[in-house]
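The following pair of complexes shares a single chain, subunit A, combined with subunit B in the former and subunit C in the latter.
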Partner chain A sequence: MSVYPGKFTGYDYDVDICLVIDRTGSMRPIIDTVKENALSLHRDITARMQAKGKTVTGLRVRVIWFGDYLADGPGAMVASDFLTLPEQNAALEQCVSGIRAEGGGDIPEDGLEALAFAIRSRWCQGTAKKRHIICLFTDAPAHALGFGAAAEGYPASAPKDFDELTDMWGFGQYPGEMDSYAKRLLLFAPDDGWWHRIRTEWENTILRPADPDGGLEDVGYAEMLDTIANSI
Partner chain B sequence: MRDHIYQYELLTPFTTEGSGTAQWCKARHGGETFFIKQFLSPTQPPAGADMSRPVNRAKRDACIAFFRARQRLYNALREANTGALVCPNSVDGLFVWEGHYCSVSRFITPDVPPEAICRLPERVRVILMRTLTLALAGLHRQGIVHSDLKPDNVMVTVNENRACNLKLIDFDGSFFADTPPSRTDELHGDLAYLAPEALRFLMEEPVRLTAAVDVFALGLVLHAMWCGRLPRFDGTRARSAGEACLLGLDVLPDPALPEDLRRLIARMLQADPARRPAMPQVYDALGRLLALYPYPG
Partner chain C sequence: MKLNCPSCGARYTPGDNFCEVCGNVYLSEGDFLAQVWCPNGCRVMDPTARVCPSCGARIVRHVMAGTDPDTRPAQAQAAAAPASDRPPAFRPAANYRTPLMSEAPTSRYSTPKSSPAEPAPAPAVSRYGVTERPPVNRYGMVEAAPAPRYSASPSSKSAPAAFVPVFAPGDTLSAVPPEGTHAPAASVPEVPAVSPDMVYCPNGCTDFNRNDLFCCSCGARLMRPTLPTAPSSPEAGLPEFMRPLTDSDMRK
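So, the complex of A and B:
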């Protein structure tokens, strides 16, 4: 006789991934990697999860591209909605194929504004186990929040300073704007400046350092997938 | 890649492989190799932080609670150690590096990989199984539940006299039976070795986890140590032995097992945790099994 007549879903996860990508010129390798693998992202993540004995019951991906408001104007940040995979594989491919690596102005970019935008995503809220993952790629330091505030198109809702952004990420019983237990932040970024502060001050954050000389060329698709899968 | 954390020279980059709550690396100090684990949460408030901000007070309180809980665990592990536990030192095994707590323990690589234990002589296998059971009995006597028992956490080494030793590692998911996990995120077991009640807990049913989860996992590990594979169950309907138990399916120990061992493992794999034997009973049963395999000659 079954002692547990219901369907067992203890292995099942709903996963939302927000890819936040610096779209300035030096990021071409990562941008090309995302373009080349958009169609296989669902298959590759579910395969890695199955290898761990876990099932991805729902996978949604959104993409945020960012640059420098002062240099790029209103087009500095472009974001898609969450796309449900694999049903919207073609929409994801279309979304990423139109992005060109260009712009950026000075060396730092407005990555913190993009991160705030990602934190405020409409994450899945079902009852299943869930993981909300922000995966940010940049080879540049970040401007301080508000650096580009004078530019046309700068988001009025952007946090005014790093403390406010930190509050948005939250901590334990002071939850911020994301689910405390579901959230993970994976940074592929230089380990200095604001990115270093995030690594050392924010919980559930992993930083894979970008080489200041070689950019993110060494970060392969497999490493990105492994880092995502290990965080679930 | 940074090259040192305090006195430890880092040998590998940090990786999250196999851990959703920490990242780890290998390091060297004083001619010995260590395993450094950096926890992703909690994080300390930065130096000079404005403690009037709620988020900074929350971080401080969480760090104090984390430190006390780890100290209690490491002290109890020291008391429980029969020589077979490889665990962080309670004095300097926990420190803060760049805002995150890190634990340090000796790094061990097995001379006999888990899948090869079944090829050791029968008597050696039974001795290793008893050593593992005794280690777990010591934990349970101190009120500690390992909760992540699996072959990868059981290291068999061979010393200069060609004798096998067994070490049990990875206590990061361990908890005290008097304060079991209350949230699913606090349970860190490998799904293949989770007991049925642990799976129900993951389904957010009101289940209080006990040392019996270790008994279930040990039943599976003993089976693998003897014959190199897990018990059979209907893999089209269940993804693990624990799930098979939940669904009322048979979980069948291998017929190649000695009869006494097969009966013992079957008792350890019962769906009802209250019906499983305690570790001292398992240890005694393995003692009787050992008598069947005297020293050669």
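So, the complex of A and C:
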């Protein structure tokens, strides 16, 4: 039964979630959380949405793991395509369980490049009400864009600076590359440096502050789910 | 409890992060936007709660993006302000950038891009206009400066008070070896080519036991270089549905 009696009903949502996860060694706690719950992600999100009187008609999840181009080379960023849940639950579980928390080099990571990759994901374009959610997890500050440009495998088409990345996200009257009404950015990151700037300047963005180098150990699966469900 | 979105007026239930209609991040506690988190991960529905209704933990409250009451009026004012006075959010110029701490070189990879490398410090010049360089031993290591044959100090007992050493510009003290010593060789020990079983002393000694950790002659830690391994394919070891992201994924 809905916990929101009387709340409007009838909204069907096509939801795309892009999980962007720092895969360096210190992130083991949150990576383990994702691994342990990958199989139940669809069930738990739909249950929470039903409790709010909303129906998720389509749920796709993409995973991007990021590190540091200078330290990790061409394999710094790996990703899946969007996986349709629950049909591809096993594939999602395989994607997340096969990744080891390692690498990264110095403390900051190339999180802004990973965010750019996420923005340019192939989001669903149906006629139903859409939610395009980027959920980024990191306990490290981000390098400036282009920091690893000298490394092999660095994408030449990556935004050259933060302004260009902001243009991709959109601001004010400028819609950016994602659907203005569908996009959401949920940051689980330290509230400093570039992440702080994104929190204060970008629209449709919330940041859950993380302890630097703490691996988001204090972020439980329930909190992660609530944040996503409350943002749909 | 129902609240109204301050941006579009749509009604919403506390707990949602964004407005259903306009995507605005929600207000709570009057005109103050905040996100509430239970540190134990409990679901907190009441944005005005001070303690978690489930576990009693003190609620963590966090100001949301673009909603800080201190910055909102400033943004509104800045919209009408000259471009030079606008905050970075308005980005008046394509190349406008606000320096951040995160841009400072913090890693072993980075060097300041905007400032050229600092020039090497000029060698010390003595009062006689002679370039002084500390002598080095045969391993290229700096040793304590040897005492000159004749002191320039008037109070020295080794030379008359009126003695003034004669040096030609460009002469170096190291060119004048102390009496009874040999001129130091200013060469750095040559590191042999890397091989899988190579052990070498960083000071160039050769009479060490290759199974020891430290050189028995000079006490330095023996070096066992790690051979570079052949770079593996980025796809190697990845799960079936994962692949490295390339430039084609970044293109529109």
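Convention: the second predicted complex is superposed on the first by the 217 of 232 C-alpha atoms of A that agree within 3 Å, B and C clash if a C-alpha of one lies under 4 Å from a C-alpha of the other, contacts with A are read in each partner's own complex, and residues count from 1 in each chain.
To be clear about the criterion, a contact is a pair of C-beta atoms (placed from the backbone, for glycine too) under 8 Å apart; a residue touches a chain by one contact, two chains touch by 3 or more.
Since the model is a prediction, treat every value here as computed from it, not as a measurement.
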For A:Met77, is the partner it touches subunit B (first), subunit C (second), both, or none of the two (neither)? second
Could you say whether A:Asp106 touches subunit B, subunit C, both of them, or neither, answering first, second, both or neither? second
Subunit B versus subunit C, judged by how many residues of subunit A each one touches: C
For A:Pro141, decide between first (touching subunit B), second (touching subunit C), both and neither. second
So, A:Asn37: does it touch subunit B (first), subunit C (second), both, or neither? neither
Going by the contact rule set out at the top, does A:Arg197 touch subunit B (first), subunit C (second), both, or neither? both
Pick one for A:Gly170: touches subunit B only (first), subunit C only (second), both, or neither. first
By the touch definition at the top of the document, which applies to A:Pro155: first (subunit B), second (subunit C), both, or neither? second
Considering only touches as defined above, state whether A:Ala222 meets subunit B (first), subunit C (second), both or neither. second
Which partner chains sit in contact with A:Thr205 here, subunit B, subunit C, both or neither? Use first/second/both/neither. both
Touching subunit B and also subunit C: which subunit A residues? 4, 11, 52, 163, 166, 171, 181, 197, 199-206, 209, 226-227, 230-231
Within their complex, state which residues of subunit A touch subunit C. 4, 7, 11, 52, 63-65, 70, 73-75, 77-81, 83, 91, 94-95, 97-99, 105-108, 116-117, 120, 141-144, 147, 153, 155-158, 161-163, 166, 171, 177, 180-181, 183-184, 186, 191-194, 197-209, 218-223, 226-227, 230-231
Show which residues of subunit C lie in contact with subunit A when the two form their complex. 13, 15-18, 20, 22-23, 25, 35, 37-43, 62, 64-66, 68, 71, 88-89, 91, 94-98, 100-103, 106-110, 231, 234-235, 237-247, 249-252
Counting only contacts in the complex, subunit B reaches subunit A at residues 1, 15-20, 23, 40-43, 45-46, 50, 53-55, 58-59, 62, 98-100, 183-185, 190-192, 196, 199-200, 202-203, 238-240, 243, 245-248, 271
Residue ranges of subunit A in contact with subunit B within the complex: 1-4, 8-11, 52-54, 129, 163, 166-167, 170-174, 176, 181, 197, 199-206, 209, 226-227, 230-232
